[in-house]
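These are the structures, in structure tokens.
Two complexes come next, and they have one chain in common, chain A, joined by chain B in the first and chain C in the second.
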Partner chain A sequence: MVRKIKKIGFYALLLLAALSFLYPFYWMILASLTPEQNIGTLGIVPQGITFEHYTGMIEKIPIWSALFNSVFVATLSTFGVIVFGSMTGYALAKMRFKGRNLLFYTIIFTMTLPFQITLIPNYILMVNFHWVDTLAALVVPSLNSAFAILLFRQAFMTIPDDLIHAAKVDGCGDLRIIFQILWPNIIPSIITVGILTFMTSWNDVLWPLIVIREEGLMTMPQLVTLFAVGGRSEAQLGVKLASAVLLALPIIIAYLFLQKYFIQSMASSGIKS
Partner chain B sequence: MKKLLDRILPYLVISPYIIHLLLFVLFPVIFSFVLVFHKWNIISPMEYVGLDNFARLFADRLFWRSLWNTFIFILVHIPLQIIIALSLAYFLNKKLLMLSFFRASFFMPVVISGVVITILWQQLYGLESGVINRGLIALGLGRVEWLSNPKIAMISIAIMATWKNVGLYVILFLVGLQTVPKSYYEAAEVEGATAWQQFRYITIPAINPTMFMVVILSTIGGFSLFIEPYIMTDGGPLNSTLSAMLYIYKQAFGYYHMGYSATLSIFFALIIMAVVVVQKIFVESEEN
Partner chain C sequence: MANVKFEQVTKSYGKVQAIQPVSFEVKDKEFMVLVGPSGCGKSTLLRMIAGLEDITSGKISIDNTIVNDLSPKDRDISIVFQNYALYPHMTAYDNMAFGLKIRGLKKAEIKEKVMAAAKVLDIEDLLDRKPKAMSGGQRQRIAIGRAIVRNPKVFLFDEPLSNLDAQLRGQMRLEIASLHKRLEATMVYVTHDQVEAMTLGDRIIVLNKGVIQQIDTPQNLYNHPANKFVAGFIGSPTMNFIEGKVVDDNGIASFISNDGVIRIEVKDKIRDLEHTEVILGIRPEHIYSLPTNIDAPVKFTTTVKWTELLGHDGFAFFEINGVQISARLVAEELLNPPFERELYIDREKIHFFDKVSGVAIG
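So, the complex of A and B:
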């Protein structure tokens, strides 16, 4: 009997916790659809539905080009991190060359370096490359990731050398071995790196704020940030929240379908770092 | 010819990373140490100023204030996060139904942009019409000046950051808890240990490595605090939410003080590394 009461207590607590995580999102989506004058009293029950915040926001800021920029930048970065990361990871795991250990420890060292050190010099680099206000400034510096290299190295190390030898006897070059023979064997690692890189890129806002000033080149989080803090939302709650909903929506949809992978990827990134 | 190709092939394979390393990691680190001795606004030529930037840093009360604020943020955020994450993980580990629903809902804010979370919580924290204050009033309690009281504003941001990140740490703790064999608890129960004793002497030691990881991860994350105060308060009221990163950002990209902001960045990075090392030493001495 005591057990049963305890169990009900656990459920009640967890349910309350789950509500406290979900309710704010419910409120945000509902508020973005509620006429401005009713948002201040909005709780759970809808108080009229309107799309005026969305149409208003779309008129005020180039949200579609920002969406395109974000997708473009995140896709290219993810692609680069997977391709280059598996190349370097493969070299570290399966190739012999002078300086291999040095490279390995350098990569680990770069991971312990707080990003604050490189932020300002990297901006100066972008100025000198004339990359300020180009998407190259967002894509090129994020084509490689130390974390991805180490993860791929680990994954390749579990693959027996015989597989590679056999492929070499058949006349396969190293790059073909990586992309055609080894990739299918490390799909979980690719998914992990893919999700983490895409999400990091999609959510990053500090670096875009630094290198992009032209509205047409901004990413979504940057555009939404400047819209929320700047004067153009005219202190209207509805349009601010509508822009936040649009920013969250792609990740929420992806999360609903790939929730298991999201959780696994993020947890493994924590454990491995 | 074939042999030579074999020798240089590994270097070709790692070349994309090497170029990245030289350009975006090593060059910036070295260039930082040049910048700290110069005054530079990018447009006019660099001017050598010796140790002036350091002298200015030590006299810059606003910078010290921003460091202090960042520490307050971390000191509220980390304990809160550990307590909530550990309790939720503890309950989730009880083999309940709907585990994946609970896990997924706790994890939801983790995947969503901090920009969204901040815009949302700025409304929730609203003085008159914010949902939280309206709830407090409905419960017969008074309203709280979440963002307008300089004594409370940073704590409010820490609460929001905890809400955003705690799901990740629930999962990490849950993984840690699942490594504890059930037989330990059964043996303890036979011996007549209370639930608290079991928690204190079986659970806590078993999740020590997880705890360490959580502290390190949230310390590093906490020091990067930027977008939340940037959107929510712009560092106010009365500079009470001005984080170190926000201050460096303003120095660098508001005033274009490149030399000075690089000095602040290096100093700040050294503090971060020192704090992490101290935490590491502390944990290692605990384990022995």
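So, the complex of A and C:
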């Protein structure tokens, strides 16, 4: 009996916590569909449904091109990080060469540098490359990441050398070994890297704000931020909320599909020795 | 099919020299076994043949072509590993077909080869399974299948049976032997199990600390070990070693153990070694309880301290020079230790080794 009560209490607590997380989302979505004058008094119950905030948003800002830019940049850098990260990780885990460990520790070290420190040098680099106001400035610098390298290296370390030896004798080169032999055996790591990279890229505001000024090249979060904070919305709360919903939507959809891996990646952070 | 030749090949890992200069030739169609204790460099040597390990100096040739700079895929070899090393995400069929696919063979041709190999190894009903769904023995069959489908010039095996249980190991050993006969292939086989070495090898290379100790047929290694290391390594249980001196024993050149228990007349070269310290080697199976059926029995008396019965026969343990010695005797002789008794050494079966260098004398 006591155990049952304890259990009920526990679940009630969990429910409360879940609701407190979900409520803002619910409210945001609901409010984005509620006429402007009702938003101020909106609680849990819908007070009229309208799509005018969405149509308003589409009229006022180039949201479709921003959506395209975001998808383009996030997809490309995710792809790049998975491909190049696993190549680097493979070299660090399975190839023998002078300075391998030094290289690895240097890469790890860069993870400890805060983004703010490299911001200005990176910007200057973009200027010198004439990449400012091009999507290259968003994509190229994020085609590999220290975190992904670390994660792939750890994953490859757990694969026995003989598997690679067998593949070499069978006629595989290093690239085929990585993509055809090793990849199928580290799928959870790939998905972890993929999700985290995509999210990081998708949510990034600061870097795009610095290197992109042309509206047509802006990413969603950048545009939405400018729109919401920068006053282009003419202080209409509903329109701001509509753009926020659009910003969150892809991540929510991705989460629903990849939930299992997402939790796994958060639980382990992917790092095991 | 082809030969494999090593000429003054060495291998260093940084400052550690894992393989001292080695030279040998594995002849066409020969089954060569590489044995030695753990860490002696067997796998390194095998991987150098495969091209999975660079060599530090020297020349390796396969089929009379120098392969030093050829990558593994161009050496036309295949290799079977101790832990199978099957591709976990592929079925048994795909594991065997993979190398052929990469080499661009047609689908029908691949199928024909895989099915033929599967038939030889009796694994036809496993082809749809992934490695995870197979037992160790089945996996090793698939791995052997993967090696034979390509019909390479040289087969390499790195302790392929040591993850299997004793019974399966015995069975697979026979199968590998018959595979060698059937394929008429050149094979190099690494093992630390000397039963495998003795039963499979046409010839055996005994390796210790990166140095070749002896290359010979199993029988010659057993009967004429080149040094104390080989003598102790080949044969199970291991050879007994008794320290002593060559002296003039009332006008007869004799070996006398340090404690004086063993006195054996010596001949030939050993005679010239008067007053030098030598080591006598005698296998447990060459110490007898009766002098009958021995050409040149040498009697000694000792106290058997304890015994080990293995059914039909067993081992008696006693001490000479304070060192434990074993003799293989029939079970009836081994009851109720300790006891005192006379034992006989066959003088024709003894070996002598230099006490310092361990090199065989005579």
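As a working rule, the second predicted complex is superposed on the first by the 263 of 273 C-alpha atoms of A that agree within 3 Å, B and C clash if a C-alpha of one lies under 4 Å from a C-alpha of the other, contacts with A are read in each partner's own complex, and residues count from 1 in each chain.
Note that in this section a contact is a pair of C-beta atoms (placed from the backbone, for glycine too) under 8 Å apart; a residue touches a chain by one contact, two chains touch by 3 or more.
The shown structure was predicted, so the numbers you read here are calculated from the model rather than taken from an experiment.
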Query: When the two structures are superposed on chain A, do chain B and chain C clash or fit side by side?
result: fit
Message: In the combined three-chain superposition, what is the angle centred on chain A between chain B and chain C, taking C-alpha centres, to the nearest 10 degrees?
response: 100
Message: So in the superposed three-chain picture, is A:Pro160 touching just chain B, just chain C, both, or none of them (first/second/both/neither)?
response: second
Message: Taking the superposition on A as described, I'd like to know which of chain B and chain C A:Pro121 touches: first, second, both or neither.
response: first
Task: Kindly classify A:Ile210 by the partners it touches after superposition: chain B alone (first), chain C alone (second), both, or neither?
output: first
Message: I'd like to know which partner A:Ile39 touches here: chain B for first, chain C for second, both or neither.
response: first
Query: Between chain B (first) and chain C (second), which, if any, makes contact with A:Lys168: first, second, both or neither?
result: second
- request: Check the contacts made with chain A and report whether chain B or chain C touches more of its residues.
  value: B
Message: Which partner chains sit in contact with A:Pro184 here, chain B, chain C, both or neither? Use first/second/both/neither.
response: second
Task: Please work out how little space separates the C-alpha atoms of chain B and chain C at their nearest point after superposition, in whole Å.
output: 5
Query: Of all the chain A residues, which ones make contact with chain B and with chain C?
result: none
Message: Which stretch or stretches of chain A touch chain B in the complex?
response: 7, 10-11, 13-14, 17-18, 20-22, 24-25, 27-28, 31, 39-43, 84, 87-88, 90-91, 95-97, 100, 103, 106, 110, 112-125, 127, 141, 143-144, 149, 174-175, 199, 202-203, 205-206, 209-210, 221, 224-225, 228-229, 237, 240-241, 243-245, 247-248, 251-252, 255, 259, 262-263, 266-267, 270-271, 273
Message: Looking at the complex, which residues from chain A come into contact with chain C?
response: 160, 162-163, 165-172, 176, 181, 184-185
Task: Enumerate the contact residues on chain C facing chain A in the complex.
output: 47, 50-52, 71-73, 77-79, 81-83, 85-89, 98-99, 102-103, 146
- prompt: Across the complex, what residues on chain B touch chain A?
  reply: 7, 9-11, 13-14, 16-17, 20-21, 23-25, 27-29, 31-32, 35, 42, 88, 91-92, 94, 96, 100-116, 119-124, 128-129, 131, 134, 163, 167-168, 171-172, 175, 213, 217, 220, 223-224, 226-227, 230-231, 234, 245, 248-249, 252-253, 258, 261-262, 265-266, 268-269, 272-273
